[in-house]
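Reading through the structure tokens given below for one structure.
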Amino acid sequence: MNLEIVSSEMLEQGVRKLDWIFPRLRVLNMLCEEFEREKPLKGLTIGMCLHVEPKTAGLLRVLQAGGAKVAVTGSPGTTQDDVAIALANTGISVYGCSRDKRTEHLENIRDVLRHQPQLLMDNGADLTATLIEEFSANGVIGGTEETTSGAHRLRSELRGRVSFPVIVINDSPLKRIVENEHGVGQTTVEGFLRVTNLMVPGKRFVVVGYGHCGRGIAKSLKHFGGRVTVVEIDPVRALEAGMLGIEVKDLEDTLTWGEAFITATGQSGVLTAKHMMKMSNGAVLANAGHFSTEFDLSGLKNIAKAEERLVDGIDKFVLPNGNEIFLLAEGEMINLAGGKGNPAENMDMGLALQALAIKRIAQDHVELGKGAQPVPHEINQRVATLMLNSIFDY
Amino acid sequence: MNLEIVSSEMLEQGVRKLDWIFPRLRVLNMLCEEFEREKPLKGLTIGMCLHVEPKTAGLLRVLQAGGAKVAVTGSPGTTQDDVAIALANTGISVYGCSRDKRTEHLENIRDVLRHQPQLLMDNGADLTATLIEEFSANGVIGGTEETTSGAHRLRSELRGRVSFPVIVINDSPLKRIVENEHGVGQTTVEGFLRVTNLMVPGKRFVVVGYGHCGRGIAKSLKHFGGRVTVVEIDPVRALEAGMLGIEVKDLEDTLTWGEAFITATGQSGVLTAKHMMKMSNGAVLANAGHFSTEFDLSGLKNIAKAEERLVDGIDKFVLPNGNEIFLLAEGEMINLAGGKGNPAENMDMGLALQALAIKRIAQDHVELGKGAQPVPHEINQRVATLMLNSIFDY
Amino acid sequence: MNLEIVSSEMLEQGVRKLDWIFPRLRVLNMLCEEFEREKPLKGLTIGMCLHVEPKTAGLLRVLQAGGAKVAVTGSPGTTQDDVAIALANTGISVYGCSRDKRTEHLENIRDVLRHQPQLLMDNGADLTATLIEEFSANGVIGGTEETTSGAHRLRSELRGRVSFPVIVINDSPLKRIVENEHGVGQTTVEGFLRVTNLMVPGKRFVVVGYGHCGRGIAKSLKHFGGRVTVVEIDPVRALEAGMLGIEVKDLEDTLTWGEAFITATGQSGVLTAKHMMKMSNGAVLANAGHFSTEFDLSGLKNIAKAEERLVDGIDKFVLPNGNEIFLLAEGEMINLAGGKGNPAENMDMGLALQALAIKRIAQDHVELGKGAQPVPHEINQRVATLMLNSIFDY
Amino acid sequence: MNLEIVSSEMLEQGVRKLDWIFPRLRVLNMLCEEFEREKPLKGLTIGMCLHVEPKTAGLLRVLQAGGAKVAVTGSPGTTQDDVAIALANTGISVYGCSRDKRTEHLENIRDVLRHQPQLLMDNGADLTATLIEEFSANGVIGGTEETTSGAHRLRSELRGRVSFPVIVINDSPLKRIVENEHGVGQTTVEGFLRVTNLMVPGKRFVVVGYGHCGRGIAKSLKHFGGRVTVVEIDPVRALEAGMLGIEVKDLEDTLTWGEAFITATGQSGVLTAKHMMKMSNGAVLANAGHFSTEFDLSGLKNIAKAEERLVDGIDKFVLPNGNEIFLLAEGEMINLAGGKGNPAENMDMGLALQALAIKRIAQDHVELGKGAQPVPHEINQRVATLMLNSIFDY
């Protein structure tokens, strides 16, 4: 289903959103000049499935500058209609709108593939899977995949059936440094403040998981005066926390102590209903991991005597022992809840990796192996260099 | 004009807001028990003018527990109607609603004073001034004043006419420590992230003013990886910044360097249109001081060739030299813009000072001098102790 | 007793010490030019009692540049003979040497006063007291006093007998910012590492006293990954620590927890033998306050079953309960123990206050009141400005 | 040459040094109990070449507790004679003393090998090389190697000739976390303060190299208020610094800015005489990398017009352009200069890896491959766990 109704008001609103964010995507702006000059994508069509929001629009400009035609659809629920309209207005073929569900999403995917793209830029391997199952991969020379879970699909259910190289963006060390440690670390604190109207100083936080996200969260809370205990099963990582003076404990030993629990483990069911029964009255739960399943929410709903939404983003559950616990953002990523998505600079970095990866595919697809593969070292170095330039050359 | 329409839905919404915030006002909760037990306000009527929002409601519970009758009105534009209704439902006399302008506000003030209060809890000296000019101060034994500007009115235009003691809350050292340095410092960063969707790391911030607010802002930005330059005219304060490794410069020398300018001086016209003309293209302006006049906005509007609201909270101005600069939150306090007001713990502290100050007035008004006076030392000590208890006794 | 033996080797050694440190005393260097130009001390003789060490020598150069004749003696035990010889070689009258005891010190004081100085620069009020009791104050137009304890003498035992203005250096806010919070804070951690060969990360420190020194120590330890608990009786100060996420406890509740205790209260007998009996085996005690009496050392020696010096700066005491506790630097300031004294930049700031204060006395002694008085505001501002220049103008 | 004698005074002094440090080696203490119980080294002789200083003595106790006989020699110049005597007194065969040069060192190595050890604990591969060239490897079942440079010898000149497994300690991730980032980071600042008597706040530091050591140094300096610029050729690492708000520049662009330069690159000739000629007058040079060749000292000596030792650890060089630059600790590691060696907790961690590695060799040498190999994952995990216990279980 192609995008239809265009009020001029929505178009203008979309354009204004881009006006704010586009100049802030500095690495993409630098690449825009390069792509304009070199035209590495000349004559190629790109099929894309990425969130249709202002920052992604920056990538589209780079690709267009590079000579590509682009057909794009978003993910269900994340499309910003005004941005979609603004993009359509610049000659991009845009499919889908904010109210699409899974069925419409698959139809949008097919609409994109009907453009017979040579290059795919995918998010969760939806494009690739549909291509292989319903279309022909002939003529596709390669692509990129944004997510780790998409890469997992390529390596499991689609194993052996992907006849072209796919560069997986999310494995880049730059994502861990820029996005996980700093981006998630800081915006998780921002989201907590925004949703709860509480302060950090003196408050007792339990951060469950000390990977790059957990480390960023723990450090940000500590800098703001929070008292932080970390729960981490890998002793080497746990020791890293300990060397910073952060308390390291078993989860069981933090339950009555903690006032707020923030999960960032990447695992499911880390905090169970049993754990919640041992927490102190008034405990606050937030998740910063990718999936909302880090808390056992169904277990919580099963035991809860009552459940009530107090204000936006805060649900109160009354436990059998009479204690109240408060769930933020329904367990979805607290740093994104009610906000504007990942910060511009995070996206700038990730989308620049996308742009240079697809350029590499366009130029070297014959030399590259088939299937999922990491971002080439020199692309990581290149984007790091551009980002340093964007910060320090003024 | 008394509060009228009550939908049960709005009442419930107000009650739910209090359900979230009231247990988090720990110092007020401790005082509630004490006031319940001692009834220090028995038989007294309090006339109050304070923001009618969830946290203020906590103070009202304490006063009611202490035996007082309370008539309250908010400030123009800050009343939350659902909270007002929830309060009215508990026996408080509440005047005013969210859509009131200055005229209605003054009528609300008069409505409050018609209750013939013995005690006043004031915000900007509106109650006191109206009392003196239109009513009789006979029977009034004293009061509190929240703001520094209210205290200024008491000491200038009302000088010699205030026949009762008024304890000024905002001068307490606790406000500077808890609210200015930590509260404003952290929520300013939160507000900046929220409104702009940008990140702090590597970004060049100029913090203008290094009082308690400026210090908190500069430290928070530095902790989040911002590159910070401070502008401060008092060399002793400036040296404090320098000892932290923060660059200290004259304002003129920061103009092309800065990507974002945050003012917290308490002065007007600190950043003029002339300054803005020297800033780099894309500069972002935010204010964290009490008044929106720290930037010369009318000067800016005068020279601007074009002005456009891009997204909520971000206005673009095109300067005669072709540069664009971006104003956040129309120059109002960026930490409060679009958020939920001061954090609960800040308010808890300030309102606890209010509660104990009014108790002191009720008990010792004869001994206390007339007119504006600081919070007694032992009340500061008491609230600090209670706050420490609320953090460390668990 | 004037300085006698001069080996050329010692002279050269003294000169080399000055060669290292003098260019680092940047504020004094700036003042040196000013004094050279203005000659504000022309024709005046200064009697001085200050530590004769390389940094003090910087002050002497300024005074000589300003036209003064100077006669100086040190404090018992702190004179560096090589520096003394180097000074004598530049025309300063230097009295005393490193092996002097109290008797010789008093004779040195008399020797200085026999020069009939118009200006006194004193340390502990020894010069002033001897002047008043044994000499005549006629001809003395004023002076400075470095220490708070000297100021105390002027205001108590010498009260009413000081016929000239004495500016007290140690009360300057610059001392608190530069010297106490940063200087003592950082060098205490340095001293702890140096003496013990231990690390900070993960270690449990109890910092007793949260004034400017204690705050600097607690923050430095926290930055280095130490786990810090603060003991502070003033709740407002304690709350400042709590807002940084530092645990605040009663001393009694820290005794078994702490691995190392650092005192910075300015009080005597803060940690008693009774407290030590409750500490865990292996506890380490260090003092960062001015006097070694913050621990009750005689109480400790009384109860100890055994006492042994293990290595330089570490004494082991075996308690009646079998526990061992370890005292660093005999309870003297751990930041100075075995080191080179206060850092150059701290001294530079303090000595610059001295230089400008004595210049002010020379120029305005008639206008200034008699007796001990604070550093004039504009001198604090001036030295802060010069220090900022020394940091940021390059 | 065996250790001779032996004043009872030196013996006591050595014993006292161990009395201080041994209880602080907590992980080794835990292992001591385990080795005592399990006797994993029963009947085995260990030939060891490690620094003979108090902390190494802790390892020897563990090995003895495990049932081993040990013959040990130190490295030239690092043996502490009093400690050697104290060890000899406990039944260890100790060879060498503090005044040994290379010739005596090789003879000591031979003396150790004459004990016909089954296990080697080596430092720089001296034992292994001499064994292979002069003795027979029959009967040797494996060993450990402390250093990366020793591992390099095993993999190059001794390649194919090492018939037994050798576990290389220095590659463990624990070394990078505990020793490089925290240990070197903090003790470098300590060493700088100790040697120079200067302060960090406001000072301009250039940290050359942003590996784990450089990162630790830059962060420590920043925490203490230093203004830090990092030079790093790998853009990904450089971006990590940039995300912390640390300036990243090319070396050339820092030369006039820097007041102090600290190298930690692991490379030679990083700072050349040409660079030094561009530095500002008064620049201070310090090295925190393993080798003193990070500065081109011979180049410096060649161009210098004059050279003078001012105080211990500070040499002044006068350059042809008249500028003076100051070299700390002759370019040797500033964190160890004049101090007591690596902190106890760093050594505790490294020596625990040694103890568990040699236990593994004793038990599993048949299964392990030949030649240099990394510390097994489970040993890293085990030592991390023990270290966490030593910090958090109290």
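To keep things simple, chains are lettered A, B, C and D as they appear, and every chain counts its residues starting from 1.
Assume a residue touches a chain if its C-beta (ideal position, glycine included) is under 8 Å from a C-beta of that chain, and two chains touch if they have at least 3 such contacts.
Because the structure is predicted, anything quoted here is derived from the model rather than measured.
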Co-neighbours of chain B and chain A - touch as defined: C, D
Interface with more contacting C-beta pairs, comparing C-D to B-C: C-D
Reference chain B; chain at largest CA-centroid distance: D
Computed distance of Cα centres, chain C from chain A, in Å: 55
Euclidean distance of C-alpha centroids - chain C vs chain D, Å: 36
Chain B and chain C, separation of their C-alpha mean positions in angstrom: 42
Junction residues of chain A - those touching two or more other chains: 178, 182, 201-202, 224-225, 242-243, 247, 391-392
For the chain C and chain B complex, residues of the former touching the latter: 173-174, 177-178, 181-182, 234-236, 238-240, 242-243, 247-249, 380-381, 384-385, 387-388, 391-392
Residues of chain A touching chain B in the complex: 16-17, 19-21, 23-24, 178, 182-183, 186-187, 189-190, 193-194, 197-204, 220, 223-225, 257, 280, 282, 308-311, 314, 316, 326, 339-341, 343-346, 391-392, 394
Chain B - residues contacting chain D, complex: 201-202, 222, 224-228, 242-245, 247
